[in-house]
Amino acid sequence: MFFASDNTSGCPPQVMDALLRANDGYAMGYGNDPIMVRAKALLREVLEAPEAAIYLVATGTAANSLALAIACPPWGAVFCHSHAHIAEDECGAPEFFTNGAKLVLVPGPHGRMTPEALQATIARTGNGGVHGVQRGMVSITNVTEAGTVYTPAEVAALTGVARSHGLPSHLDGARFANALIATGATAAEMTWKAGIDLVSFGGTKNGLLGVEAVVIFDPAKAWEFELRRKRGGHLPSKHRYLSAQMEAYLTDGLWLRLAEQANAMGGLLGHGLTNLPEVTLQHPVQANISFPYLPPGTHARAEAAGAVYYRMPAPDGREAARFVASWSTTEANVAALLTALRP
Amino acid sequence: MFFASDNTSGCPPQVMDALLRANDGYAMGYGNDPIMVRAKALLREVLEAPEAAIYLVATGTAANSLALAIACPPWGAVFCHSHAHIAEDECGAPEFFTNGAKLVLVPGPHGRMTPEALQATIARTGNGGVHGVQRGMVSITNVTEAGTVYTPAEVAALTGVARSHGLPSHLDGARFANALIATGATAAEMTWKAGIDLVSFGGTKNGLLGVEAVVIFDPAKAWEFELRRKRGGHLPSKHRYLSAQMEAYLTDGLWLRLAEQANAMGGLLGHGLTNLPEVTLQHPVQANISFPYLPPGTHARAEAAGAVYYRMPAPDGREAARFVASWSTTEANVAALLTALRP
Amino acid sequence: MFFASDNTSGCPPQVMDALLRANDGYAMGYGNDPIMVRAKALLREVLEAPEAAIYLVATGTAANSLALAIACPPWGAVFCHSHAHIAEDECGAPEFFTNGAKLVLVPGPHGRMTPEALQATIARTGNGGVHGVQRGMVSITNVTEAGTVYTPAEVAALTGVARSHGLPSHLDGARFANALIATGATAAEMTWKAGIDLVSFGGTKNGLLGVEAVVIFDPAKAWEFELRRKRGGHLPSKHRYLSAQMEAYLTDGLWLRLAEQANAMGGLLGHGLTNLPEVTLQHPVQANISFPYLPPGTHARAEAAGAVYYRMPAPDGREAARFVASWSTTEANVAALLTALRP
Amino acid sequence: MFFASDNTSGCPPQVMDALLRANDGYAMGYGNDPIMVRAKALLREVLEAPEAAIYLVATGTAANSLALAIACPPWGAVFCHSHAHIAEDECGAPEFFTNGAKLVLVPGPHGRMTPEALQATIARTGNGGVHGVQRGMVSITNVTEAGTVYTPAEVAALTGVARSHGLPSHLDGARFANALIATGATAAEMTWKAGIDLVSFGGTKNGLLGVEAVVIFDPAKAWEFELRRKRGGHLPSKHRYLSAQMEAYLTDGLWLRLAEQANAMGGLLGHGLTNLPEVTLQHPVQANISFPYLPPGTHARAEAAGAVYYRMPAPDGREAARFVASWSTTEANVAALLTALRP
């Protein structure tokens, strides 16, 4: 009953097998391995973006921070949701990598920015001439931190606001595959066709050991990215082990199948929660994450039964929780959790 | 005939097996996995340092830069050899992570600092009061970039100079195991017993997929390290895969056996090179790396025969090369290379 | 009719005379001038803080940013009002000087934080362990950007909240003298007696050419401040010209008389505004600044009559303005402005 | 007998008068004062550069660091002399403002880089692909820290090397006027006609209270400069006092007359030193600075006689000194110093 995070899951056999195959013999380091050629081609195909610059790093924080750093100057504002991962869960990595850009927070229910709120926030920023930070870029998280999902049209509405101010847009896709499954969109529809310039294309939460791709649709910034990555300590010497994970992930649609399972189990759990007495959901369950309010005493009971998850104390003191399903979550796991939660 | 770098080798079966075992089931992320408890205990045992703070990161640049950042303020000088990896091969990562500390270079033959040169360099730095950078710390690379090795007594002589100025000392041990094999020293003798405060304890070049430990003998800086690591994007969520590599590496002396083989093959090659006509060595071969000057035409012949290595153009235009042996280099590999080099 | 800012005023003759006197002969640079000894003694006397470390810089942004940088680590949160000068008017200088600390904004009417709002903001920050920024410090602006004033008791309530979380408090006193005049407090009562650890003690807006003092009540951080100041390019070689301004400012209570005049004229203007038809004040006028909403057409009329001030477009589209009185504002100036504003 | 530095001198009456005139009445802040329009026009005229972007800051460290920051990326190398002010006397400000660029030192006698040494240093830097810092820019100091001077042809030879590698060149002209007087060159000949892209145009050491201009010949980087300046705390609100100094400095050739006097006295002193027994000069005296070796006992005798200067202990233990003449040095001062030095 492991629902703490999708990063508590292991990796599917296809990924481990790929690692073993990649281990055979010698390979040049730093991304110059032949597997990377194939992994890059696969990702470009998936994204329908034959010119995109593609790089791999080992963590989501690295992917996000490096992507922001090539798009936003130190004196720029990054517009993002108040509870974006870059705002709350990266210990200031975006500020560190950008040399001090400012995250300007856009409020919105259920972890989502509306175009109106984004527009209003941009409009009241950057009016101070040289005295204030300048408008820099927009960063959109999909799946959001609240477990909700933007459709491509909703993403396009946000990037449209960005574009109307001349700003580029970044997509934090730590759960990119889950967002595609939730919306039925293609990778291209969710990114460049919706006005996205830069993507953190997540793999770790969806079955890899630790690999995220950074996709830069306009390759003019590619060399700067390479230098920032190296300088950030994020260029692995034995790069082939990252390449191999990404190749396996993208082969035969594995990545989408993994997310399909995670979302299916997330949905099953969300549905089950609404059938429990006195349980309400803070946010609609649209992918693999649910945030229920629970009746008093539930935590103790569930944990005693072996459920592992994060308590999320509500501002009003109510018991609440975050449950994350992953590619390896089974119907039996969901049933067991629901049983443990039931009074 | 792969002698380009020890990072072009794969990983031994013990490491891959450990990954597969670690993959089983769920584990909490961010270093809170049970394997890390064991890996940490093993490393403390190896170092005879039961109190040391121990962290894992995926690259050597990350290990070095984060270690420097907790020991040297932005206005400090890091004294290191002119050709140290931190000075020449990390694209300014130390400057980035320290927020602008200055690497002050200590010259010396064969990649080595002498205590006298270090003393002289420190003595002429930091005399400018508030106008100049302050003396910050010393960083020693062992095995050096020239393939030479410091004995524990030589390390102690350098840290003694540092200590006489009140400065801490860092050991860049990207090839730490090779240095131990070359000198017969224990890990404790080569580090804290020799006055070292911080170690980058390398694993990647000696058979891991990508793991380095940072060892902080005085744990007072441990929490700052954790924050800097997170903020640098170097805290992996699925940390168990790093833990597992390090556990396997340290189990039953695997790490030392791997380095023993690398050094043995490095020595065999070094010896063979001196028997080739017109070949001279730039630096004594003390571990697994050799830097020969080669007669004209050798590069073309060797590469045609399939040898893979880095050409190192000498300042005087002579053909030169760097050959690195690894844990997976065999006597047959060495013999084949020597044959390819022979006129 | 110059009401754009108190920094559009010139300087009183006492200050210019002091400059001329200071110009006579030679003086050692970088703060080692004899005038600085006297200026420092005067400021310590004013603050009743014989041990305080005191430094001069030429701009308020430098004073604030350097003060924050010695009190807040790169991974820390600086809690301040949403409209604080450090948040809105320094182009990210705090982020630059701290190497990426995060300003966490505390909302509140009339430019003021309440202890409750501060407490709530701190309470919901820094709970993410290593994943989020850590609680760093509190910064309080007095006079606020809205022209309102905290009493010493109100400052103490805020620093009490800070202290209960173990955090130091900074006072941005760009208009420090105006705050003292408005409240009748002494400099000590408004600072260390109210729990303040660091002060930006402003002079420029109150009659100096360009000098702010940074006051550090605990001198343990003094040397770090000196290094950061130098490294920030804020250590003037001909420091005596800054010393001389500060000495003149603090001699015979000049600084308080200047602020008295500014506040008196600010109050007169505020009172006059409330007597104009259809004019309402956005914020209470407590020092030398007023923010009125004006009837349509007023801007055009006032500017045609020669009034110089900043238009402050209200979110609802209404005409609004900021009027700042200074030490050199006269009753005639106020009367003229009121006439120009009257329909 | 004040020969410690040209920054220990006061300011000529023309400058003080200009301050008093500037003090009259109100003026908009932050560079929007009418005096700045005139100062800018004068400097453009002096430089024969009608399109140049011109900004004022209060210190030389700020001028240099901000100029470097707009021309060199964080991963770039700044090539400069081993004893350049930016390398030795700014406490790492260039590293701070550039976010970690690396100063790569070019050796050379008498504080001067030769084109050959610059070429060799550039040639061996930046060959590491993504692993090493990239070639960034060249910075030339004129008058050098050793008191020697480059002719325009010599500057052009250095910038030619830079240009052949596609690199821009910065001139640290803290003693720019002294260099012009020493060489007879015009400001244009010494800068853009010699291939210089950016100038720190010093005023403080030559009679101003504290003003340096930054000149950017290609104004494309002007807005970035403005943002970096503000963010660095170097945009003064009461900017008119800086404008006024610069206007007075450039009016009727005052700046050149001041430097003429400083150089004349520097030359007189240099000549006198060579006539003293056992005194030799470390560097040729080409502007206003001399570095003599002195016989034992001279320091004590000269200081007892009231001479103020910096002792510069020679590596071999000999007594040595730095004497700097300024615009306010008189023949009588020089004679008195020589008498004090004579055994």
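Labels for the chains are A, B, C and D, by order of writing; each one numbers its residues from 1.
We take it that contacts are C-beta pairs under 8 Å (C-beta built on N, C-alpha and C of every residue); 3 or more make two chains touch, one makes a residue touch a chain.
Just so it is clear, the structure is predicted and the values come from calculations on it, not from any experiment.
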Shared interface partners, meaning chains that touch subunit A and subunit D: B, C
Greatest separation from subunit C - chain, by CA centre: B
Computed distance of Cα centres, subunit D from subunit C, in Å: 34
Length of the line joining the C-alpha centres of subunit B and subunit C, rounded to whole Å: 51
Centre-to-centre distance between subunit D and subunit B (centres being mean Cα positions), rounded to whole Å: 42
Multi-partner residues of subunit D (at least 2 other chains): 74-75, 90-92, 96, 99-100, 130-131, 227, 230-231, 235
Interfacial residue positions of subunit C with respect to subunit D in the complex: 2, 4-5, 7-11, 16, 19-20, 22-29, 57-63, 65-66, 90-93, 96-97, 204-205, 209-210, 227, 230-238, 241, 308, 328
Contacting residues of subunit A [partner subunit D, same complex]: 30, 73-75, 99-100, 130-131, 134, 224, 226-231, 235
Residues of subunit B touching subunit D in the complex: 74-75, 88-92, 95-96, 98-103, 128, 130-133
